[in-house]
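A, B, C and D label the chains in the order they appear, each numbered from 1.
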Amino acid sequence: MQLGLIGLGKMGGNMAERLRRAGHEVVGYDHDADKRDVDSLPALVEALAAPRVVWVMVPAGDPTRATVEELAGLLSPGDVIVEGGNSKYTDDQVHDVLCREKGIGYIDAGVSGGVWGLENGYALMVGGTKDDVAKVQPIFDALRPPAPVDESGQELPGAGFVHAGPVGAGHFSKMVHNGIEYAMMQAYGEGYELLAAVDLIEDVPGVVASWTQGTVIRSWLLDLLVRALQEDPGLEKISGYAEDSGEGRWTVEQAIENAVPMPTIAASLFARFVSRQEDSPTMKAVAALRKQFGGHAVQVVRAREAERPA
Amino acid sequence: MQLGLIGLGKMGGNMAERLRRAGHEVVGYDHDADKRDVDSLPALVEALAAPRVVWVMVPAGDPTRATVEELAGLLSPGDVIVEGGNSKYTDDQVHDVLCREKGIGYIDAGVSGGVWGLENGYALMVGGTKDDVAKVQPIFDALRPPAPVDESGQELPGAGFVHAGPVGAGHFSKMVHNGIEYAMMQAYGEGYELLAAVDLIEDVPGVVASWTQGTVIRSWLLDLLVRALQEDPGLEKISGYAEDSGEGRWTVEQAIENAVPMPTIAASLFARFVSRQEDSPTMKAVAALRKQFGGHAVQVVRAREAERPA
Amino acid sequence: MQLGLIGLGKMGGNMAERLRRAGHEVVGYDHDADKRDVDSLPALVEALAAPRVVWVMVPAGDPTRATVEELAGLLSPGDVIVEGGNSKYTDDQVHDVLCREKGIGYIDAGVSGGVWGLENGYALMVGGTKDDVAKVQPIFDALRPPAPVDESGQELPGAGFVHAGPVGAGHFSKMVHNGIEYAMMQAYGEGYELLAAVDLIEDVPGVVASWTQGTVIRSWLLDLLVRALQEDPGLEKISGYAEDSGEGRWTVEQAIENAVPMPTIAASLFARFVSRQEDSPTMKAVAALRKQFGGHAVQVVRAREAERPA
Amino acid sequence: MQLGLIGLGKMGGNMAERLRRAGHEVVGYDHDADKRDVDSLPALVEALAAPRVVWVMVPAGDPTRATVEELAGLLSPGDVIVEGGNSKYTDDQVHDVLCREKGIGYIDAGVSGGVWGLENGYALMVGGTKDDVAKVQPIFDALRPPAPVDESGQELPGAGFVHAGPVGAGHFSKMVHNGIEYAMMQAYGEGYELLAAVDLIEDVPGVVASWTQGTVIRSWLLDLLVRALQEDPGLEKISGYAEDSGEGRWTVEQAIENAVPMPTIAASLFARFVSRQEDSPTMKAVAALRKQFGGHAVQVVRAREAERPA
């Protein structure tokens, strides 16, 4: 089928390529004139036969908002917009109202897969109405990883794609995915640090590598850690500075809003905050308190207490 | 080669089977007369040609200690004991001294794989001297998962087996593995709970299943969670009560001893402690404090402060 | 001076009493006809001579919003509204815009002190312009605890009152105060639980009481815990169920927004969430995973992995 | 009464002074010849009339062990040793066995109070038999803070002294005290950091100072923080580097051993560990994982998965 695709960067460009390999026609637009098939959003809309599906793959926040708003002014009732970036799910709900007013469908799609998605497929978590999702299903099917089969050759549905609920459910699911990712990375990191802290373990990269087959903690992230340690056994070439993206923060915020205890994901988020501080104001305060213990600075403060009204 | 194997339970029995399939001769001993090949440890030792290798696969703590002590009295210089249970690594160091005095080699082996090990192989993390490990290597090679190959057909070593260091290093590595396991399980649990807490997500098992292909957080544990949710979509048949084994506790203790920050693994351990409490003394104290806010109970206490010496 | 006071509940009623004892004239309004001096907000405004100061002491959220809006329609330029409830600081910023448009001043005041405030005074953290704060200063001075004096008889300013910054700064400061309160309560609770968990400590209430003089951790909250343990030495009459108010959640949300690591305050918030759950979905997931370990359920899932595209 | 006191440093010296002011006779020994009254432990024992009480106030660990062992060889049945240093409670239990064999009593005393103890008294948490504690009670009464009185002039017992249980209970109580201290310091630190992180708060030291009267979180530690901020409002002269002593670690270890959840105290301990790291191996691993996301390094690893045995 035909698809309009806005944003042909690393992700969007590879997605276009995967879709074309699967026989779909992609009309792409990008700020970069060298990458694009059409020169403007109006031209993109014109190039597509109704009912149209347009996939937005631009940075979250203002760029996405602006693109959705412009598209909503150009598209026709029955068309569908798919927001595949990293929007906060509440933004999707705003976009949806905007589109519904004009009869345009709106789907939010959380997309995972990075640079390997081109070959392996992209995991997709989508939110929207059944009708809208049905209109885009051929595209989803081409992007997602192939359905695995069990020993008897039967397809096992469900891996790599879910219609999670109404608009917002896609990005909410992806957000939670990223929160879990933070805690898993932190957990491997903590284990690595303990191994590296003791003389007893003479082959730290070897221990981590040994975990990749036959253990409870084997995972794709662990495979990545093995690779990183193969390249740099003591991680000497990298500093312990870790950015965080919106999704991790939003996950903990949502946990708080819904009274969900979330100790490990929150701890991993805080560890990233700490990693970016030159010095910690909290620990300055702790150190200052410890310093106060040693002097007689507090005598006056005690005197004040004695004057408190009964 | 020949191997003496003590403990033919779920783990030991399957290991014996895997070894026999690989062409090794296993002489097994167990408390259960129906399972064993010989009727006593002396008989087991007699049945093996020197230099002997005897693998101990009995419960950690006293049973393992007693078995190692008895074996040390029966074996000859040049023989090797492999402790494959869940011993604390410091126990191994005690066992090692005991064995070395008699010229007997000692290896500690952390074994992972559970019921799937028979078919898929067991991940092995071992500690000991090079010479001792070399003597047992054919056994390790039969137990471990087959070495994977890359696209060009070359074997990729390291997955599923490591000689981590001297005696203790094997169980230390396995201990850290289990600590990481705790935090990963907790992370998935927290993500699951948030999904389940919001009306927005209409297909929670579907979202979890979607993560198993093409995402950053795909893992064997995630596959297990999908399976659990297929069997019981709301986890209504299971209560949120989680035991912990020694390894999780030891991991955090070692972190403390080595000044390694370990927030996510510790948090997941504490979450298990909480899960087993009928009521929380900590939260009773918090509730009691909140209740005190509401009354004037504290007037007398304040009066006492006013009497403090300046 | 004259003060209009809206809301004559436990807090507002005591504040009115303390102000009157200090010689101020308080005109009070409340939904409860038995408590109030005037029968409506218009009557309250009419009873005050311009420039007026009206203190709002009603529940946070809609009641406060509605009251501020109605007042803004009744007051005159130069008058000042003080919001002394538990508003979120961002609500204050909205109220402020509303008031400024009409030339009315707005101050947010975080108030601490509970039932002891009548006798001991209320700690006040206020936000607003210098001019507005100056207009209300006599009221603040009557409400706050008396300034303590040091050994030489000099007043030590600063305890019990602060002009923290522009509108919002008062409730922000009070919010952080409450976040710290959560972690302190949790810390005492954890210590209490450990004491109570071991047979070695034969007099748990006695140990806690001993800490109230001469130690590093003596505090007003500790005095409260002593009192609670005197009344109920094993805390047997209270269940470990702890509510949380908005301030604790907002504190952690603000930490996240500002990339401030906040492990202890977040942990204490999560502990309250857990305390209110009949069963924990997170721990159900953990327990379900542990159960999966024991079976061969995962064989098919493994088969699926083998089919992944290279 | 008579007391032998070993160790006349900052703590021991002040304790001797406080005891002498209260009319007790103190015979002191110290490595420093300028401070001591007698030149050796045998001389100290000889200078005391039986039944003797000897208070040991030397560094924990080997020095304390050596001192107790030497004393046990010099003292007579019916004498009592008080260990007032920072011993681990399990060390006390070893010392106790050693002393009981010779008919000598043993008491462990956790002492809090630092440099203010001379004037204000020392909080004491002691463990031992009733008889032994009774023998030393006059000394405890002189060292502890004066019993506060309530409004009617009645003494309120319990503040500043407790006989917590048998040998070990004193240092265990002091250990828990220190654990709580860690979390309280961290909580204030986190609150301080959030205040300092936002432009909204224009007077951070003022906010902290305002909390010292009339609030829920007022405490001696808070008074210290006010003082620290008065001296250095932005804490610019101090680095966020915080040591930890044995007690904090032991508290968390004991929590783990007794299955007591201890999230805030553990978090505060971990924060100190982090504060002393030049770079964090955990966060290096996290950063390395994030870096791996961006490349195609993992292709080979994926290929290996496809080769896994079904």
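One rule holds for everything that comes next: contacts are C-beta pairs under 8 Å (C-beta built on N, C-alpha and C of every residue); 3 or more make two chains touch, one makes a residue touch a chain.
By chain, with names taken from UniProt: A, B, C, D = 6-phosphogluconate dehydrogenase.
What you see is a predicted model, and the numbers here were worked out from it, not measured in a lab.
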Sorted by label, the chains bordering both chain B and chain C are A, D
Longest centre-to-centre distance from chain C, chain (CA-based): B
How many Å are there between the centre of chain A and the centre of chain D, using C-alpha atoms for each centre? 45
CA centroids of chain B and chain D: separation to the nearest Å works out as 34
Please report how many Å separate the Cα centroid of chain C from that of chain D, as a whole number. 31
Which residue numbers or ranges of chain C touch two or more of the other chains? 114, 116, 119-121, 145, 148, 151, 159, 186, 188, 190, 193, 197, 212-213, 216, 220-221, 226, 259-263, 267, 270-271, 274, 280, 282, 293, 299, 302-303, 305, 307-310
Could you list, by residue number, the parts of chain D that touch chain A in their complex? 114-116, 119-120, 151, 185-186, 188-190, 192-193, 196-197, 212-213, 220-221, 223-229, 231-232, 235, 238-243, 263, 267, 271-272, 274-275, 279-299, 301-302, 304-305, 308, 310
Using the touch rule from the top, collect the residues of chain C that touch chain D in their complex. 89, 112-114, 116-117, 120-125, 127, 144-145, 148, 158-166, 168-169, 172-173, 176-181, 183-184, 186-188, 190-191, 193-195, 197-198, 200-203, 206-207, 209-222, 226, 251, 254-255, 258-265, 267-268, 270-271, 302-303, 305-310
Complex interface listing, chain A residues touching chain C: 119-121, 145-146, 148-151, 156, 159, 216, 244, 249, 252-253, 256-257, 259-263, 266-267, 269-271, 273-274, 276-277, 280, 282, 293, 299-300, 303-305, 307-309
